[in-house]
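Structures are listed in the sections that come next.
Below, subunit A partners subunit B and then partners subunit C, in two separate complexes.
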Partner chain A sequence: MVMTRVLPGARAARRRPRLPRMSALTWIGLVLLLLFLLLAVAGPIIAGDSTVRTGDTLAAPGAGHLFGTDHLQRDLFARTAEGARVSLLVAVAGVGFGLVVAVPAGLVAGYYGGRWPDDVIMRILEALQALPLFVFALFVIGVTGTGDSEIGPVTLTSTAKVVLLLGVGFIPYFARVTRSATLVEVQEDYVNALRVIGVPRWRVVGGEILVNVLPPVLVQAFLWVGVAVFAESALSFLGLGIQPPQPSLGNILGDATGYMLLGAWWYSIIPGLVILAATIGFNLVGDGLGDALDADARR
Partner chain B sequence: MSAVRAEDLRKHYRIRSGRGGDRVVHAVDGVSFEVPAGRTLAIIGESGCGKSTIARMLVRLTEPTGGRILVHGRDGVDRRAIQLVSQNPWSALNRRKSIRHALEQPLAVHGLHPGRAARAARVRELLGLVGLDEAYLDRRPGGVSGGELQRVTVARALAVEPKVLVLDEPTASLDVSVKALLVNLLLDLKQRLGLSYVLITHEIDIARHLADDVAVMYLGRFVETGEAERVFDAPRHPYTRALLAAVPAPGREPAEPLPGEVPSAVAPPPGCRFHTRCPLALDACARAVPALEPVADGRLLACLRADEPPSPR
Partner chain C sequence: MTDISRSTFDRRRFLTMTGVLTAGALALAACGTDDAATGGAAGDGAAKGSAPVETLAFGVVSISDYMNPLTNTSKRVHWITDPVVESLYTYDSSLKSVPLLADGEPEISKDGLTWTIKLKEGVTHHNGDPLTADDVVATVKYVTDPKSTSDWTSFFVGYVKGAEAVDERTVKITVTMPLGVLRSHLTNLPIVHKDFVSRTDTTMGTGPFKIDKVAQGREVSLVRNDAYHGTKPALRGVVFQAVPDPATRLVNLREGKIHIMTDVSPESVGLLKQDSAIKVHEISAPSDLITYFVTDKAPFDDVRVRRALAYAMDRKGVRDIVYGGSAQIAQGPIGPAVEGHDPSIQLYGEGPDAAKAKALLAEAGVASLEFTLMITGDALMKNIGQVLAEGWKQAGITCTLDVLDFSPWVKNWATGEYQMAMTSFESGFGAGRTAFTLIGPMSSKNPLNFGYKNDEVDKLLSEAWATSDDAERADICKKINGILANDAIMMPPVYPRLIVAQRTDITPIDETLMGVSRVAIPPLRAV
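Up next is the complex of A and B:
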């Protein structure tokens, strides 16, 4: 037997797992992101209840209270950690909701690129995009109120409303990315080859095109989680988002504004830094992921 | 019964243009042919003459504007009777799916060989047919060479047990050394499985090797059809002659290329479509459309000057 061919086993053994090559910025982003995730995931477990009154009003950060306390004597580490958790969940859920609607819409639009289903979908999305997120949010919250609203049998909490608002705001962007990736993919010969074999259209789109379209879309979605944390914070800061006593990074900041002049710098600076870390972290890591994906595609 | 029969096939594309209404591209304009079972028809011609449009119509990716296609006497869409092998195997296989997936999919779609064991056996058999071993099954197209990938696409096309394969430039993206291997494989498969081929190509030597019959196409129409050997050895139509003379061969310099460009299919020339570039054209060629008519030795020829002896070179 001729042994010149490289056996698949030998090839797999050579590819040892090692640290991926990343730029310095990506490393910085990764560190910030991990710190944020640590705070959001482990923080609430360590700190316990975020509504307990500790007896210290506006105490500076120290051994007893890592991030200090607020005007209602609550521990700010517990509040910030809980707020980070809420912000993260809301952001991920918002992006997830956006993806669930936008990816199918973008796939269909891209598959029928230039024909009427594409036109219909894209015009609707353009109309949606023309509406600034905050104006839209002001309108919706203004009509439905900041509390829970009941739509038929479904009760929407204020948190759910923020998730939906963020998701709807993101749909046009996600759909655009999906559509443009699909437009490229539809040009590949396998789309026709599978049609000739008899694979139904929905399976070509959902089973074959989707796997090639999803990676760039997910990278984009990852970037937008950072934007979502920021947007949620902004809405809550204005009092339109997560309602007290439930903490969120935004409404902690909102509470803190009155106490900056009293010298309680920690009250606003620390949650602000957490928002900054999350936004920058998600962006830098998302960029790194995008670069890795490009490099992978070029290989 | 013939394996494939095309009757007066037409495909006109309407393209929107700003002023003056729509324009119509006459991609294929009244083409008829027949492929007897077990034979190979090669359709040759320059790029843009409508060859690939015929391939797309045969496998029902494009609906003809006029005329009809019968595959083994039947008119409807039958995804199992006729299959396609296209030019670029890297693009014809999904880069994120394994070769196993590519071969199992047609079986799953048509419910052939139900059961995991039967399906795996059939996939191995298909790979064996094209001379590949099981080591390829779990690989993705990225790590496999073009010649081997093209074999995979042939295996995928054969998975549904078709009677006819449409080969659309099957060797155009392969290295010279690999081309010969694929041509031999195709000849072998035709013998063993009793297939009929419609070969679309601009590579004359590939057509010479594979074809029993040949049809020469120019601007959406056939200009000459007949048995491959006769057409290649003694081309009658001036376009066929020019096409064959352009192929370099040992001891022979390729001939001067034809003057001018292929005219636009939006406004094909009146009369004989080749008259603008034909070395033998007369005034009459610009007026009368030559019909595809039988001449000696069973050939069909569309040329007003068919009866005249070939001009001395």
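Up next is the complex of A and C:
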């Protein structure tokens, strides 16, 4: 048994907490993202009901109202926090829905790369991708209306419609990433080895390849949460997304446009900054994650 | 591999470039023209500098695709076509109906079922065709044909049997019952050239202006009709511009790019009043807020539930927050600018009376009331809907807003696919000062009535439309208003005012005519 003597200085150096090595941009992104998440998660708990009237119309930010009040006398901090929560939930749910559909489709397409299942899946996805998200959303909302829609026994709320719209819009992108990663994986020796020893195809795909293609797909999904926050805000800004009195960052901004001239700068600027922080935060952190993943793969 | 990945266009570089491009775009925008900054809504003849106004620029929220005043009675059409078409009768300075295209008063048969109207001689349409009885007959036939799906059918179908030309300048209109209110209808119904009654792209009449150009949904230009039979306008033309954003409309007015602005948001009235170049008109007019219930289904088939809603309604909140205090608290459906208004009715409080509402709901056996309020997607309706929902919440009533575009709203409203619906419109274009549009659907025979039946209201409505005496009709409508308020079947939270702003480099708009929703353009001229 070999005893290794550890010097006291070296031990201290090992114990000293170290910040992860990240670029300055990733740090900025992380700070912005944490601020957004703090607002979205803790904000609604601190601020309370976002529909309660305060008695002050378009009050400027101050001690009483951190973000000021809106044209219907509601506290803008409570509205913005609740709006951030709604926007985040809708974005995460939209991306989640997109992943649930796109990952199996991409796995199948990649596994059968070049054969008919790949062709069928990819042509469908290309058709879907050819339709811009907002044109698609305008078409769907134009047909079903902005309110709740009943499809058979199922009632789709306006929020659920936005989630589905975002998810459907994201499917081609997630599926393409999944397919690309799967095409690389199926060339690996371990896949051939599994086939040779008689492991069922579903297990090879679901149990082995999926695990290896997920990291790049999840990084991509993380990046798209930022896009989804932005897209949800844009839809709600146009009146096609979340409907009042439920706030979302987009519909707050939409309501605010008419009050800029009356001097209520905070009404537009604050939710606008929150959207900016979320979009840039998710992008920069996602970018950092992608870099880390690439570095890991190179090692 | 490393070299290749370094040379690719990565996300970081993309963000940097986006930032640079955005900054560049902002710098370019800052150097751009005023037009770009304000939406470029300036018309050909918009006022700039001190040149006298020859072509008036009129900013509206939207311009209908249907440029025919016979298709509907909305402001989107009538503010534009009013200077183009004329009616058999018009309003004088005291809003009394006086002949315009008609040559004198109508001859009404003793049984009241036949109206004979002579037309003024020497009146021509914009294309030079003389106004004849055939034009009047074509117009009346169009609005009495249910297939035309015109708003005007609700005024004429079932009431007017037909119209015929006795000679070139005499028309005979036959009605199914004595119909004194027909005088009001004929004062508001535009007479359109017989070849244009069913056209939707343009219209032709005998008015002081004629349509020059129509850019569908965007801009409509009118030019002076030099062959006009009455006093010719001083203005050479009018340009109606659709400026949907209220803030852009306001900026355009302040900068002189438009001379008149409609649909002024109540909160910007204060700002406009500070500008010495602008005059704001706040007029008591038939700018009605209307609520509808489907009463053949629960929960609103029970009057106690409707009353609970009426007691818990936050009228004060709507008046103070949405209308900045400019509206008047409402009690019944008929407002102060309409025949039959009764200021003595004081059934409901200004703020929500949660205790009374809860007691009524308990009496009706409704443990928790949840319903959907169907509204249109404009900012005003959304604001009112949110304030009302918050007020009802105090009484434990859950109101979900169903925000729809205008077309699906109308479709659901016309088919009774709603629980409670709310909208606003200028009823003066169709009904003038009468309450015909407002309370007509409360007749159990009206196709837009979904379940409300009150025999006394039915009887009173027939009497109101039959009488030729305006004072008598006002008294009857007052009674109906009281019944409807008590039955909580129509419950506008407030009576809004018509707010129009204009620049002071043109003469003031006639405020009396604004009392019937009109913005009279022909008398306007440069100051």
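The working rule: the second predicted complex is superposed on the first by the 281 of 299 C-alpha atoms of A that agree within 3 Å, B and C clash if a C-alpha of one lies under 4 Å from a C-alpha of the other, contacts with A are read in each partner's own complex, and residues count from 1 in each chain.
Operating definition for what follows: a contact is a pair of C-beta atoms (placed from the backbone, for glycine too) under 8 Å apart; a residue touches a chain by one contact, two chains touch by 3 or more.
All values reported here derive from a predicted model rather than from experimental measurement.
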If we overlay the two complexes on their shared chain A, which of subunit B and subunit C does A:71 touch? Say first, second, both or neither. second
Which of subunit B and subunit C A:60 touches, first, second, both or neither: neither
Quick one: name whichever of subunit B and subunit C touches more residues of subunit A. C
Does subunit B (first) or subunit C (second) touch A:257, or do both, or does neither? second
Who does A:212 touch here: subunit B (first), subunit C (second), both, or neither? first
Could you tell me if A:292 is touching subunit B, subunit C, both of them or neither one (first, second, both, neither)? neither
Would you check which partner chain A:131 touches, where first means subunit B only, second means subunit C only, and both and neither mean what they say? neither
Per the contact definition in the header, classify A:197: touching subunit B only (first), subunit C only (second), both, or neither. first
Mind listing the subunit B positions that touch subunit A in their complex? 59-61, 79-80, 83-84, 86-88, 91-97, 105-106, 109-110, 135, 138-139, 142, 153, 156-157, 159-160
Looking at the complex, which residues from subunit A come into contact with subunit B? 7-8, 188-190, 192-200, 203, 208, 211-212, 299
Of all residues in subunit C, those that touch subunit A in their complex: 2, 5, 10-12, 15, 245-247, 250-251, 265, 267-268, 271, 317, 321-322, 374, 377, 379, 382-383, 385-387, 389-390, 393, 401-405, 408
Considering only the defined contacts, which subunit A positions touch subunit C in the complex? 23, 25, 51-53, 57-58, 71-73, 145-148, 223, 239, 243-245, 255, 257-262, 280, 283-284, 286-287, 290, 294, 298
